[in-house]
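Shared between the two complexes below is chain A, which pairs with chain B and chain C, respectively.
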Partner chain A sequence: MERIAVVGVGQTKYERGKTKNFAELVYEVTRKALDDAGMELSDIDNVVTTTNDFFDGRTIACMPIAEAAGSYGRDATNVEGDGTLSAFYGLMRTLSGVYNTTLVTSHCKVSEGAPRKLFNQAFDPIYDRLLGMDAISSSALQARAYMHRFGITEQQCAKVSVKNHGNAKNNPYAHAALDITVEDVMKSPMLAEPIKRLDTSPISDGACAIILATEDKAKKTAKKPVWIKGVAHCTDAYRLGERDLTRSLPLETAARKAYQMAGIKDPSRDIHVAEVYDAFSYMELMWYEGLGFCGPGEGGKLIDSGATQMGGRLPVNPSGGVLSAHSVQVAGLARIAEAVLQLRGEGGKRQVPGAKTALAHGITGICAQTHCVWVLSN
Partner chain B sequence: MENETILEVKEKDGLLIHQGVIRVPYTWAAGAVASKFYAGLRNGKIYGVRCPTCRMVLVPPKKTCHRCFEELKEWVEVSHEGTLQTFTVVHYHEPELHPLKAPFAYGIIKLDGADTGMTHLIAEADLKGLKEGMRVKAVFREKPGGNYLDIKYFKPVKGEK
Partner chain C sequence: MGTRTAIVGVGQTNHTSKRKDVNGQELINEAVKRALEDAGLTLKDIDAIVIGNMDHFEAINVVDGWSVDGSGAFMKPIMKVTTGGSTGGTLGSCGYYHVASGLFDVVMAIGWEKNSESDTQAAISTCSDPILERDFFGGAIGPNAAEYAMYMKQFGATQEDAALVAVRDHNNAVKNPYAHLRKLITVEDVMKSPMLCWPIKLLDSCPRSDGACAVIYASESKAPKITARPAWVHATAVSHDYVYFGDYDWEKMPTCQTTVSRVYQRAGITNPLKDVDVMELYLPFSTCGVVWMEFMWMCDAGEAPKLIRRGVFDMNGELPINPSGGVLSTNPIGATGLIRIGEAALQIMGKAGERQVSDVRTAMATAFGSCYWFEATVLRSTKP
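Presenting the complex of A and B:
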């Protein structure tokens, strides 16, 4: 693959009930990403936005916000899904030979809708939507299936929550920086067994933008380019009952392909920092396994070992992850932005010293039907 | 349709917040496969479809096999009883979403004769006594409505706690 770099990133602070509207959020991060790259809008050849009509409460939701991403008079297109998928499309456009630079934005104001009702609409109206499931109750089925098969404990899941909410204290963009203990998580209200309040991610509003550039263009930008070494995307069956909920085969496939592209032989050694989409605490343990940071069923042991905390062998979610800021469609793009900051050495208090290769991961769909894996390097 | 774009204007930090409701009527064609599935339920029968290539029996049925991309035409009647593969007991209240009042359970049930799981409600059960592998049985709605709740829920078969 021709060398493509991430040359600019911008994020808002993630919080509940932001008073900026969609376009104001998109403009904020577009301006930040351009300034970060030392670019002007005239340097941007095309735009990929990310919207979800249900979340935005309007149809063709990409059209009104595209202007805030500089779409006027340009090729502008849209992806409905996680920001990692928009970035994937942006990468393809940059590789096409038609565009030298691509701006990718994502915004989401989860607090403005009714998240449980909106998520329920993801279920099949002909079949199981009438059961009234949402993200929490459906993920609880996955959590239990996974934990039961491999003997993962609720305490091990709670450790993820403690780690990530603690890491969030070092991230000025994070929504939920918390000093909590495993006991606090265990005593938090039970929502859908085994998922408790502190195993879940917050309802966050926010936005993120990144700029991709070809090698020639990347060399002329303000910051040290962060190169895309490998990227892949894979999708599972739609229905929960048709999947193996205890293992993420699409994540294993996406990771294998991305690693092959990037020349990663042993991910647990060759990757120095990872930002993964932990919408619920159990997910981070499952994703360790799917990403090959440990073997199947060993996610609990890996968190117990301390390897994934700050100062460990492979810190996961130094930003606090999605458990500490979950602006749904933005969350994957924020993982890429955080990986870029780490590889530039701009992570501030959350910096993993000397990180040379970073992984970013995004999901979409009920119980993470789709996974997208990015390997980046400085 | 009523115009409910803006019902109320609130203020936060000196800025306006417009509050409204979106209520849009919609129709969904169930398609030939689900229509036949629901016709079966009306007659007290649960049908799946078998893939000619991988031989998997999918319940509830669908038009194509996601693995083999084969059109699924071979209808198979499966048992009313099956095995609980996984479950969750829900403790929060969402009265506009939940068909049952919390606490209640969702489960994934593999019916005898099927190779895939069916997501559904678990009721008439000791929620604390639910466990993977327990035997459960479909309870049919008295007056079928042609939708997923024509199976009201699954309950543990006698002899199970």
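Presenting the complex of A and C:
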């Protein structure tokens, strides 16, 4: 793969009930990403936006934010799904030889919708939807299946929540920075057994943008380029009954491909920091396994060991992760933005010292049906 | 320089107003199977899939995940792209860029829609700003009706001129076994059909259809092994207009002009009447087949009716437009733009059956939708 870099990133603060509208949020991060890269809109060849007609509450949801993303008069396109997929499509467009620079944006105001009902719309309209299935109830099935198979405890899941909410205190963009203990998580209200309120991510509004550039263009930008070494995505079966919910085969497949592209042999050694999509606390443990940070069923042991804490061997979610800010389709793009900040040494109080290779991960669909894995390096 | 990319397989459903015999996944699978059959491939050969439709028509969130049983994306990379009516064009571009990036060798783009499950115009109305414009920019017909009313006043064009376009496309569809509406009509039939929004009448207007289309893109190293005559992608381009309909320049259609000039430049086209052998255009109303011709470099301002009356765009004319019958005959919205690309590819590949134009070396397809989003693709029998 030809060398393509992330040369600019921009994020809003994530919070519930933002008063800015979609276009204003997208404009904020577009401007921030351009400033970050030391670029002007005239330097941008094409634009990839990310929308969801359900969360945005209108059809053709790419319309209202197009101008804010600077796409008027430019070649543009729109992805519906996690921001890691939009960024991947942006990478393809930059590699195609047609464009030199690509702006990728994602926005979501989860607080304006009814997220449980909107996620219910992802279920089969005839067989599953009327059961009231949603992100929390379906993830609870997955959590229970995973915990049962491997003997993972609720306390081990709670440790993820304690770690990530604590890390969020170092991230000025985070929504839910919390000083909590495992006991606090265990005592928080049960939403869908075994998932408790503090095992879940918040309802956040926000936006994120990144700019991709070819090697020639990247040399001329303001910040040190962060190179894309490997990217891959993969999708599981649709119906929950047809899937092994306890192991994420699409994640293992996507990670294997991304590592192969990036020349990563031992991910637990070769990756120095990871930002993963932990919509629920149990997910982070499962993603450790899928990403090869530990063996199958060893996610609980890994969190117990402290290896994924700040200061550990492989810090995961120094930003506080998705548990601390969840603007749905923004969340994966934010993982990439955070990985870029780490590789530039601009992580501030959440910086992992000396990070040279970082991993960013996104999911979409029921119980993370689709995974996308990015490996970046400075 | 990216990887040179060609279309190597096309499949589509038999489009109709209500496909009650299949659910969405089965509808998609019908197109997928036909595309694989056309290319002589199996699902194992497909490295990645892109899919698209308009969410509010079927009310299925995360369509990419839901589609797996029909699209065949199990344990494969799949992503969803959507831009409203132009989704099919957006899908074609997405398939192309997947391969052109060098990261995937064989990629399938799938567009689909089951309009029979939706209230199409009500869903489209929600694309307008909820506070400022939603109350009065309802549906898709109003803007194009206003566009042709202005054109008639400015250039002395008539409703019969638009009717000639409707007759051309509808009558071409008779030779397309996949088309939804297949009935020979006359200018008189069009003029007598019920008025929907003056000057657009029922037979000037596209139907809403259930249908799906799948197009397979392959890299330079794979394409010649898959088919003897691939349709090489020479250029794609797109542009869109402003957020608010009230800001548009209704007389100049800047998105059509921008996209077309960009794609002509990228493909080295200076005179489309001579340089292009066949076009599959996303004309949602017959009136667009009159007004937009000047923006596509076919003629000077206001001259399109003369060319249309002369039959320049008929099957035996200088530049046949819509041998398939076009959007006026078939409109499963999320698939419609991709059908244009698929039909243009079939013309290059010499597989268009009774609707084949002879000796096609250059073909062009367009898509149209949302905020006047206008996409175009140029295909050739020779490598770029």
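Here are a few things to note about the model shown:
Methods note: the second predicted complex is superposed on the first by the 378 of 378 C-alpha atoms of A that agree within 3 Å, B and C clash if a C-alpha of one lies under 4 Å from a C-alpha of the other, contacts with A are read in each partner's own complex, and residues count from 1 in each chain.
One rule holds for everything that comes next: a contact is a pair of C-beta atoms (placed from the backbone, for glycine too) under 8 Å apart; a residue touches a chain by one contact, two chains touch by 3 or more.
As the structure is a computational prediction, the values presented were derived from the model and not from experiment.
Contacts of A:Met92 after superposition on the shared chain: chain C is touched, whereas chain B is not.
Residue contacts after overlaying the shared chain place A:Pro125 against chain B and chain C alike.
Within the superposed three-chain model, A:Arg144 lies in touch with chain B and out of touch with chain C [touch as defined at top]. The wider contact with chain A, measured as residues touched, comes from C rather than the other of chain B and chain C. In the superposition on chain A, contact of A:Tyr238 is made with both chain B and chain C. Contacts of A:Ala334 after superposition: neither chain B nor chain C is touched.
Legend: residue contacts after superposition of the two complexes on their common chain; A:Leu251 is shown touching neither chain B nor chain C.
Using the contact criterion defined above for the overlaid structures, shared-chain residue A:Glu193 touches chain B, although it does not reach chain C.
Contacts of A:Val9 after superposition on the shared chain: neither chain B nor chain C is touched. Of the two partner chains placed by superposition, only chain C is touched by A:Gly81; chain B is not.
Under the contact criterion defined above, the residues of chain A that touch both chain B in one complex and chain C in the other are 57, 125, 237-238. Chain contact summary for the complex, chain C toward chain A: residues 1-3, 54-56, 59-69, 73-84, 90, 93-94, 96-98, 100-103, 123-124, 126-130, 237-243, 258, 262, 369-371.
Across the interface of their complex, chain B is touched by residues 17, 19, 57, 116-117, 120, 125-134, 136-138, 140-145, 148, 189-195, 237-242, 245 of chain A.
On the side of chain A, the complex with chain C involves touching residues 1-2, 23, 51-54, 57-60, 62-64, 66-67, 71-81, 85, 88-89, 91-93, 95-98, 118-119, 121-122, 124-125, 231-238, 249-250, 253-254, 364-366, 369-370. Only residues 12-13, 15, 17, 20, 22, 28, 30-31, 34, 58, 60, 66-67, 85-92, 94, 96-99, 106-108, 110, 116-121, 132, 147-149 of chain B touch chain A when the two sit together in their complex.
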